[in-house]
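Got some structures for you, see below.
Shared chain: chain A. Partners: chain B in the first complex, chain C in the second.
Right, the complex of A and B next:
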């Protein structure tokens, strides 16, 4: 028994000694951390890349690779994203909601951020509190409450596109506020005060000085709002009236529970690429505008921090 | 230089929007949950005046969630799934955040972008990716059979608790890593050098300096992912869709999208929201305490 166990025990203990050696070596590189980090990154990204790969599969399978084809994008006369009305409507609906969300939530959020950052009178505390709440409320609670308010109280609003837009704006505003307010704090008040000292009216100080300085935050928040709106499933689903008001995430959800075709992978890929393009554009604009400013971290950190609400 | 009414008037449209579409809707849930049900049409009849509220449905829901009730298992399962997912996420996420903040060197920017990337990929897309991989003839089964871990394909998507927990971790972990990274990155290296100079081993320096100083990040990230996990219903539905893995969120979803009784769904939503509020208050209390502790360390 022991003779069998011993040769197995030796390499184990030497590995243990080596790991202990790494831990004890004060200046050595923690190699197991490198391993965990890169394994995590591969784990988080490779599955998505495989899903993208299968959107280009020539057969109906999402698990067995055949050959490259754009059949599921537009080639297939019935089931491709281009020809299947369900998928095409979902794509249109997702872009419609995200676009409307950006157009409404960004101006509202920028104004709210300015107001909350500078207003210290009665009511400002409560307003601040209300603004933070949508960030920590689980989406299902928001979905239930919006559905009930539209069916019981504001009965003139029916479920469908309009209700979905209202819902998306409601959960987006706070993200805009957080991003823009962070920028406001980092700008400080000295530029506005300088403008006022040089004779600018409040209106001019606001539109010619503060607004250009806020541009990177506004662009970034527009990109973030687009991304969270395109990604949203819960609010869209609770306020959908079915049919053409179902968005891409709703279709993916419905399809994974049925027997999906690679066309679902195709529509998910289209959505992903559009979101990533918009976010990249937002990031590049942010970097272009804040170039030369004193920064606390890398541009990626700042921009990532914009999404990190806690 | 600005007029006094200027800033409140800037805030007004946004605040009004949030009052009308966030505060009032929540009140609508209360109205329905504390309301009655039409005995013939089974439609909810909300009661808007708090003095006339009917607590019958709420006590009904609490009884169902209590030991011996029909939802007791669901409630416990939700807590166990969330706790295990959180534990696993911390176990994976902390080393990743730690390495990125401390040792990544010139790779830091690249690693950070790759860690942030999943945040911009739709949750449904990432779930779809795993549904594809976990099919009977998917890559996961083929790999496990090829390496002789399994002799025949395993049914991952037919109601397996481990698949649901795995999917929750996969879905929410990016939201945990980012605040963890932020708090670890903020730690002043001189604290650590001081600890090492005073003779602390690598491990005890980590335990007595790094870990306490990253506590706010751990707590913040934990709250950021636990709150949505408690309200999740789509993840179990996608990767299992079996009643044996259903969570509280699934129960709420069922009462609105399947069942005829929105009143019970609304009462359950109230219970969930109350539970999460307690969790949130506990979080704020511990953040407060952690910051005081850190303040004391800083004073030393």
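Right, the complex of A and C next:
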């Protein structure tokens, strides 16, 4: 391929030859792509690693490193995540919202995706398009309008956990629909037809064939919903009634405006690690279930592909 | 064997703007190996899907053993399908794939085990129960798909180009296997293919389709030897087509004029007057040495090109009539005696020459091409919708 770049029997040093080869044919191998990719990864991951590092700081400083300790997780009797009721409640609230969101949005989203993928009549195109609206609507707009709905229209719903769950479900259903629908299209109709051909009623075809084949997408969307719900600030904030219904992002925001302690880093680290674990579990399940299928890309590409569609 | 009798009556399927299947009538007696043959987009797959129940006809009837099943959902029809890409359930192993239909029919466990075992033996896959579909070769997957469909004792087995994805050698072997399997189980096989050789090899009878119509129905030999339309003549194997003018037509013999040469052909029942086409298969064209005694049905020519195809040699000859004809000479290992530029004499035996009305033959095939494209799009549409 790069025969020009490697002249035989050259008296010069090999480093010189290599550099000359690079200059003659810089696109021979995607060196610059690799370089830029690694630069980007470093750029995006270093701040996170620094934040994680200072969550283990022994002093009250978030900028000057002293020594390793778990003081801000549970050691400190007043300000640690474990002992500070505000932080502890925020953590519980965040997980509560994320869990409820997964339990409600995923089943609804799967049913919606099935309906939208199979419905070809008048209005199906518009509905498919409208499903994407929550993905492009600025969150602040959605937060404000949801608050208006709950305070003016459906006044029996008060701000707080219930309203927050409704808000999270509203915008996360779209993610489920997009991921599951993509998988539905790649599965195609053939397995359903084969099931029907072998005597399965539409319901049996759904439960015995389609749902097992959709499992990876369902797991992936559950992981995504959990992650975006745990990460959400705007809607949680608008629909919060303060106190115990403030979530981790709200508390971190509030704390950094006052006098931030490394406990903020600690709670952020906890959120990040648990979200990461759940997404990893989702990915592993995806790979487990799609193992039997012949595919050109790797499982990671496929899993990522499901996200990219949004 | 009356079981598995299919009758299609004025069956029509229209997609948004295209008529994929245009009022076809067809009768298939029980136990027959019947093929629908045609180019992609001719409506053969749509016809099969309507019989399976995946598409609802726009109008017409599908009689299965005398009952109209046109609007019966697929899971209530006593037909089973072998899909083009097999559609084996990827989340189930071979055993569970084959047992799927029996479980839906709520058969007792012991019976399921016994019948799956027998089905696996029938397709020579005993011992593969625990494999996933992706761990099987293409040929093995095809056999699992067959076993999965046959285990339900359907009246009719529908096969949608089941050998399309396999390599040539395996395809040949499976053609013979499929045929003997069909004779063993004795049910109707409705086989859809675009491969004329496949259809000719396996079928008891076949229908050639084009643009949503059936062009000709008959036994392989009849359709091949006695094409009724230009499309059939052209689609089934290679044909030499020549413009001709009919001098006299009759059921015993016809006489035609091709650029000054008068030839005798087989008789025809069709109404041929004036401009027509004559057809001859390459293997029926005989080559004689230049200077051989001239006689009836002989035209001088010049060898234009020789193409060695292994078992035979294709000789492309430019006839004195201006037409280029192809002759197929069996390779007997003795050499041909001709080379490029050698003058030869073509002998076109009267019983190998057929007159086809060019008007009737031409028009549907031209119209067919348009319809074909449209129907192809429609088929793609349905494929995309899946």
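In this text, the second predicted complex is superposed on the first by the 270 of 310 C-alpha atoms of A that agree within 3 Å, B and C clash if a C-alpha of one lies under 4 Å from a C-alpha of the other, contacts with A are read in each partner's own complex, and residues count from 1 in each chain.
The criterion applied here is as follows: contacts are C-beta pairs under 8 Å (C-beta built on N, C-alpha and C of every residue); 3 or more make two chains touch, one makes a residue touch a chain.
No experiment lies behind these values; they were computed from the predicted model shown.
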Joint occupancy of chain A by chain B and chain C, clash or fit: fit
Partner chain(s) touched by A:68 [first = chain B, second = chain C, both, neither]: neither
First, second, both or neither for A:213, with chain B first and chain C second: second
Which superposed partner A:196 touches (first chain B, second chain C, both, neither): both
First (chain B), second (chain C), both or neither touched by A:16: neither
Contacts of A:204 with chain B and chain C, given as first, second, both or neither: second
Which superposed partner A:145 touches (first chain B, second chain C, both, neither): first
Three-chain overlay, closest Cα atoms of chain B and chain C, distance in Å: 5
Chain B and chain C contact sites that coincide on chain A, given as residue numbers: 193, 196, 202, 205
Chain A-facing residues of chain B, complex: 1-4, 6-15, 17-19, 21-26, 28-29, 31-32, 44, 46, 92, 95-96, 98-100, 103-104, 108-109, 111-133, 135, 137-139, 170, 173-174, 178-179, 182, 185, 196, 201-203, 220-221, 223-224, 227-228, 230-234, 237-238, 241, 249, 252-253, 256, 262, 265-266, 269, 272-273, 276, 280
Touch list for chain C against partner chain A, complex: 52-54, 73-75, 79-81, 83, 85, 87-91, 100-101, 104-105, 132-134, 148-149, 152, 385-386
Residues on chain A engaged by chain B in the complex (per definition of touch): 23-26, 29-30, 32-34, 36-37, 40-41, 43-45, 47-48, 50-51, 54, 62-64, 108-109, 111-112, 114-116, 118-119, 121, 123-124, 127, 130-131, 133-134, 136-142, 144-149, 152-153, 166-167, 169-170, 173, 177, 192-193, 196, 202, 205, 227, 230-231, 233-234, 238, 248-249, 252-253, 255-257, 260, 264-265, 268-269, 271-272, 275-276, 279, 297-298, 300-301, 304-305, 307-310
Residues of chain A touching chain C in the complex: 120, 188-191, 193-202, 204-205, 208-209, 212-213, 289, 292-294
